[in-house]
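Chain naming follows the written order as A, B, C and D, and within any one chain the residues start at number 1.
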Amino acid sequence: MLMQKGTKGASLDMPTGSTFKERLAELAAHPRLERPLVLVGIAVMVVGTLPEMSATYALVLTGSCLSIAAAFAILYAVRIWSSEHRAMAARSPAAIVDLLAAAPIPLALAVGASAADARLLGILWALKLIRQNPAFALVLRVLRSERQPLLSVATAFLVITLFASTLAYLAERQAQPEAFSSIPAALWWTVTTITTTGYGDKTPISFFGRVVGGSVMIAGIGLFALWAGILASSFSAELKRRDFLESWDVVVRLPLFRGLGSAALAEIARLLKVENFAPDTPIVRAGQPGDSMYFIAEGEVAVVVGDQRIPLKAGQFFGEAALIASAPRNATVVAAGRARLLRLDVVEFRDLASRLPELLAIIHSEDSRRKPGED
Amino acid sequence: MLMQKGTKGASLDMPTGSTFKERLAELAAHPRLERPLVLVGIAVMVVGTLPEMSATYALVLTGSCLSIAAAFAILYAVRIWSSEHRAMAARSPAAIVDLLAAAPIPLALAVGASAADARLLGILWALKLIRQNPAFALVLRVLRSERQPLLSVATAFLVITLFASTLAYLAERQAQPEAFSSIPAALWWTVTTITTTGYGDKTPISFFGRVVGGSVMIAGIGLFALWAGILASSFSAELKRRDFLESWDVVVRLPLFRGLGSAALAEIARLLKVENFAPDTPIVRAGQPGDSMYFIAEGEVAVVVGDQRIPLKAGQFFGEAALIASAPRNATVVAAGRARLLRLDVVEFRDLASRLPELLAIIHSEDSRRKPGED
Amino acid sequence: MLMQKGTKGASLDMPTGSTFKERLAELAAHPRLERPLVLVGIAVMVVGTLPEMSATYALVLTGSCLSIAAAFAILYAVRIWSSEHRAMAARSPAAIVDLLAAAPIPLALAVGASAADARLLGILWALKLIRQNPAFALVLRVLRSERQPLLSVATAFLVITLFASTLAYLAERQAQPEAFSSIPAALWWTVTTITTTGYGDKTPISFFGRVVGGSVMIAGIGLFALWAGILASSFSAELKRRDFLESWDVVVRLPLFRGLGSAALAEIARLLKVENFAPDTPIVRAGQPGDSMYFIAEGEVAVVVGDQRIPLKAGQFFGEAALIASAPRNATVVAAGRARLLRLDVVEFRDLASRLPELLAIIHSEDSRRKPGED
Amino acid sequence: MLMQKGTKGASLDMPTGSTFKERLAELAAHPRLERPLVLVGIAVMVVGTLPEMSATYALVLTGSCLSIAAAFAILYAVRIWSSEHRAMAARSPAAIVDLLAAAPIPLALAVGASAADARLLGILWALKLIRQNPAFALVLRVLRSERQPLLSVATAFLVITLFASTLAYLAERQAQPEAFSSIPAALWWTVTTITTTGYGDKTPISFFGRVVGGSVMIAGIGLFALWAGILASSFSAELKRRDFLESWDVVVRLPLFRGLGSAALAEIARLLKVENFAPDTPIVRAGQPGDSMYFIAEGEVAVVVGDQRIPLKAGQFFGEAALIASAPRNATVVAAGRARLLRLDVVEFRDLASRLPELLAIIHSEDSRRKPGED
């Protein structure tokens, strides 16, 4: 009852659209198309600010930037057109990023900005790099779940910075009336010091100013350590969560585990790790030490013994022989097409005996059904 | 017997005072009133040190600072007056912070300090930012519980700094008699180096001095990593403790869990996470993937299906359908007023089957009592 | 059978020596005697390098340093004389630190060094600060248990530094033949850069040199993060180990827990935390929220209700009422003399119901024997 | 059935080759031979770039470098010749590192490079330091398993750097047309700032530029903390995995544990820690507090009681008396030859009573078979 079809992660990134519109939508959303455009675009924009480039190739540079903006405009239009709910799609955060990539440069030229200044708006293309990033959501989750202690440290940062600036201003205003002319001037020194950047454009010279400086440096290191500590402990929980969810989606759809209760399934999902392989990638190599076995979730793999290629299909598994006998792998296994596998590490495999005798039983019953020498 | 009324966290920050005095006390203590005053006050103080501002707007600046000090004096008086034990309230740390915000500026002017100098005392307002910070206690707990290893690293810091200063003084006093004229002078260089601030106002030029310098930098990174390591491992424990206590306070008061023993309650408190929602905030959105279900602890929420708004009251729950079927949410749920919910994440939900069959039984029995399509 | 008398931690730092020799040995070993001497001595030594001090107060400074060295010589002699195995004591690491504190300054003067140079040897007194540090052993344990991965990162550090120095030398030797005249010269730049110290005394100016520089900075941050990560995960284990050992030593000697098996004792030792209190320190305060209960391991405490002081002896406990009823403390409890208590945090207390019904049973049976209103 | 012979870690690094070819192969692969060569070679190469050295000792330097390259060529040839599969061995990553250590310097001289430039290729010897490093695989595993979130933070790093460079260019191009002449010029400033290196060769002077600068510094610290946090949480898991695997390999081969099921074996492998001792190293010392017991996995140890040396062989254990009675060690134990032991820490020993009564039973039955006073 808990193991109905999961929708997430089922597609292996292969085009699944059946109509022209669906295929077009997939194409327009694919990072392989956008990422090179973004990187080339930003490179052109950055290089275009070099005075010698700007002077000689002004037309080429502006033309390139306009072309890239146009390409993003087309992608944006295709996405809106091919989505089911067009009004909703047009207002999504993704669409706003698309719009910011397409519109600003032509608009700036239209309202009379210089070509050199208009090209600078190409920096907005960088926003697309963030949107495409799969693990970005994980980082955001961590920051959100610990925002209270993180903000607390940030407040301490602010208060220490304000106090230190005031004290440094008091200590140094006699000796260096230029460098520490006011608290705002001292703030710049405090920020470069508390972050341990230390430009050295302003340094305290009085005894009391140096005591303030040393204290600020040590406080900066302490605050930073607090930040790192908060993030480290939270990341640990989120990484486990992500792995479990990914694995659960696959485990519940494997016929192999159909007979197990949801308690055993949750245990298995915790132990297995999802791994994707491109076609013809070796998964295990003959002769290497074996530290994991694999269950095939999707796609097909081939066991290479000499010249023979024995195919294994979704639902089957391999690599258990090396784990049971602690011997090196006796065959190479390659992905026949794109394949999604569940990896069971040797540590967890040995752990199983006590925690999940059901899984061991499944492996042994399957093993006895198969011919020897296959693994 | 373990689940009597909790007092902490029960009020949702809504005014609960029944008499005028109580309401006034609440108002005077509210951060929404104080925080803007503090921020404006500090901004005025900081800007007022700019020579051009100080010269032109001296009267306005001093007037503003005095007004803010006066406002804090009034808040302080109200708080003392409205508290039950006035003598105790007047000596509490909070009252001392209040006093430091109100008294120093007028006092300084009274004893004849210049207006510009008196305004600098406004920096004391920053102390209020720390007092208002809810997670500050958490940070302090971590620092206190690990003070022994933290001090141990601090001692290593001190010893290394002293040795390095002596060695740098020996190495550089011939070559740079100005910059490294004494150990105190070398200390300044060592501190800027061991914290990796590196102003560059003094740098070693002899071979031996540079060996000392490089060693100090690497030692600094190592000490800092030790600090971060100690804090990280301790934060992990404290964050779990905080979540458990917060959740326990709410769980024991939910009628839904009344039949469970305290072992099961402790388990549930570990699994659930308290979340507060402002009125009309969406909690789940139709069409989005569902990764958690919610129990209503306080307040009311509304399930929006088409034009209908079905109310759910404290003690009820929602969102379990998406978890059980791994389907997207079939309805949007918004907070009707201020609402305190307990979130059960999908990972913990799947974990339940093995660890807490009682909770699943409660969910299923409630589910069968309700009409379908509500979630 | 596992709970025979522990020797460690039993003494509460009170003088236990019965003979004059033993008491003298304790006195000579006490940090309260040595630490001020060390700090004063180092302060004199540091200040004595200031040219103006050195010129005016040469005799006073040298005299002070010699006096402190003499004091350490006396302490050293007392320690050797009062120890049972004098030959062994004289060769222990502690004795070598003692000797390094006493001998070098007079020796240096004897062989004809200038007084100013001889005083510099006072830096060796700083070694005593490390020896006195109780948590230093913990830090050393962590460093030792993870020395392999730490060294591995250090090797990466070395290899990256060497490659970067060679590349920076190649990139910059044309443009800045002075600053990057050789690989050793480039090494200094690389070390200040990879540790992100960044003095700025040498900076790359060629395009390729800056690419090397940027890569080195990012590599430096990565290596440092690796270091912090290794230390953080190891510290977590060591801190738990230390708390368990400390608590176990006390738990096995409490008559209250005599009937429990060693499994339950191990569980209790994991839950309780040892805390020491100086005489007359308040342990809990009436009216404050109660987040822990206490078992008295050694010494005596007094419950203050109004004017009455009800004494509680070792083996008794208090504070459980506030935990059970979630109410504020109804009495203040102070340490009557030096007291060693075991603290049971509210989180662990609630956890108990499921894991250690025996402990709850002990608390309840004791509670019913006592009169109400005591807590 | 899960406890067949493990191959890894069985040899204690003692020469096991029986034929001349095998012994030669072992010799050629031994780090004790290569490491000094590498370190001397790199030292010669580095020192050789000092102008005064290069001028005076050109021939000696080039000769040394050629000799070292020749030595590596011989080692490379021996390794290929002595390996079973010569074609495979010649293409392995190790062989490529060998080749890069042997060939480049003579090749460079052959194609006409100057001797000074050819010697610089000696930096490639540093690659060998990485290959020899045993814990390097652990670091790589951590980096690989968390590459997604690490890359995610790196992308954020890139995007922030690009935005900050553009903004700094806009803010400062009027005031400092030299330092911030283009975005590539501003990029150098941003990278030195976001990594908190802060050379100070370029610093913002406008108000807006300083706001950008401060934000970049704080973002840099945050990104770095994220990195450290990701690595810390992942290291924890990998370190546990490594210890378990190492211990498992030894535990399954101990006759003492033969009767136990694989669940108990996995539990024991988690509790024990492998430690290697060189001949005649003391393992425990009489009179010291005992915080662990030892099982002998390989080699022999000797219990020293007075003048007697009682030998203990593989499969036996010692040190349990100190753990059971919490008394100091009553005998010194030294490794008779090279010995591999399994250490059981006191914390885990006390934990055992509840989790693994079988192991305690084994210890007690062995104990009663032995004579008293041996430990």
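In this text, a residue touches a chain if its C-beta (ideal position, glycine included) is under 8 Å from a C-beta of that chain, and two chains touch if they have at least 3 such contacts.
Bear in mind the structure is a predicted one, so any value in this text is a computation, not a measurement.
Asker: Counting one step per pair of touching chains, how far is chain D from chain A at the shortest?
Answerer: The fewest steps needed to get from chain A to chain D is 1.
Asker: When chain B meets its copy chain C, do both sides use mostly the same residue numbers (more than half shared) or mostly different ones?
Answerer: different
Asker: How many degrees of rotation bring the Cα atoms of chain C onto the matching Cα atoms of chain D, given to the nearest 5?
Answerer: C-alpha superposition angle, chain C on chain D: 90 degrees.
Asker: With centres defined as the mean C-alpha position, give me the chain A-chain B separation in Å.
Answerer: Taking the mean C-alpha position of each chain, the two centres sit 27 Å apart.
Asker: Using CA atom averages as chain centres, what separation in Å is found between chain B and chain D?
Answerer: The answer is 39 Å.
Asker: If I count partner chains per residue in chain B, which residues reach a count of at least 2?
Answerer: Those would be 196-200, 224, 228-230, 232-234, 236.
Asker: Under the touch definition given earlier, write down the residues of chain A that touch chain C in their complex.
Answerer: Interface residues on the chain A side: 196-200, 228-229, 232.
Asker: Which part of chain A faces chain D closely enough to touch in the complex?
Answerer: Per the stated touch rule, the residues are 42, 45-47, 49-51, 120, 123, 126-127, 129-130, 133-136, 138-139, 142, 157, 188, 191-192, 195-201, 224, 227-228, 230-236, 239, 289, 291, 324-328, 345-347, 350-351, 353-355.
Asker: Hey, which residues of chain A end up touching chain B in the complex?
Answerer: 1-2, 4-8, 146, 148-149, 151-153, 155-156, 158-159, 162-163, 165-166, 169-170, 181-184, 187, 193, 196-200, 203, 210, 213-214, 217-218, 220-222, 224-226, 228-230, 232-234, 236, 241, 244-245, 248-249, 261-267, 269
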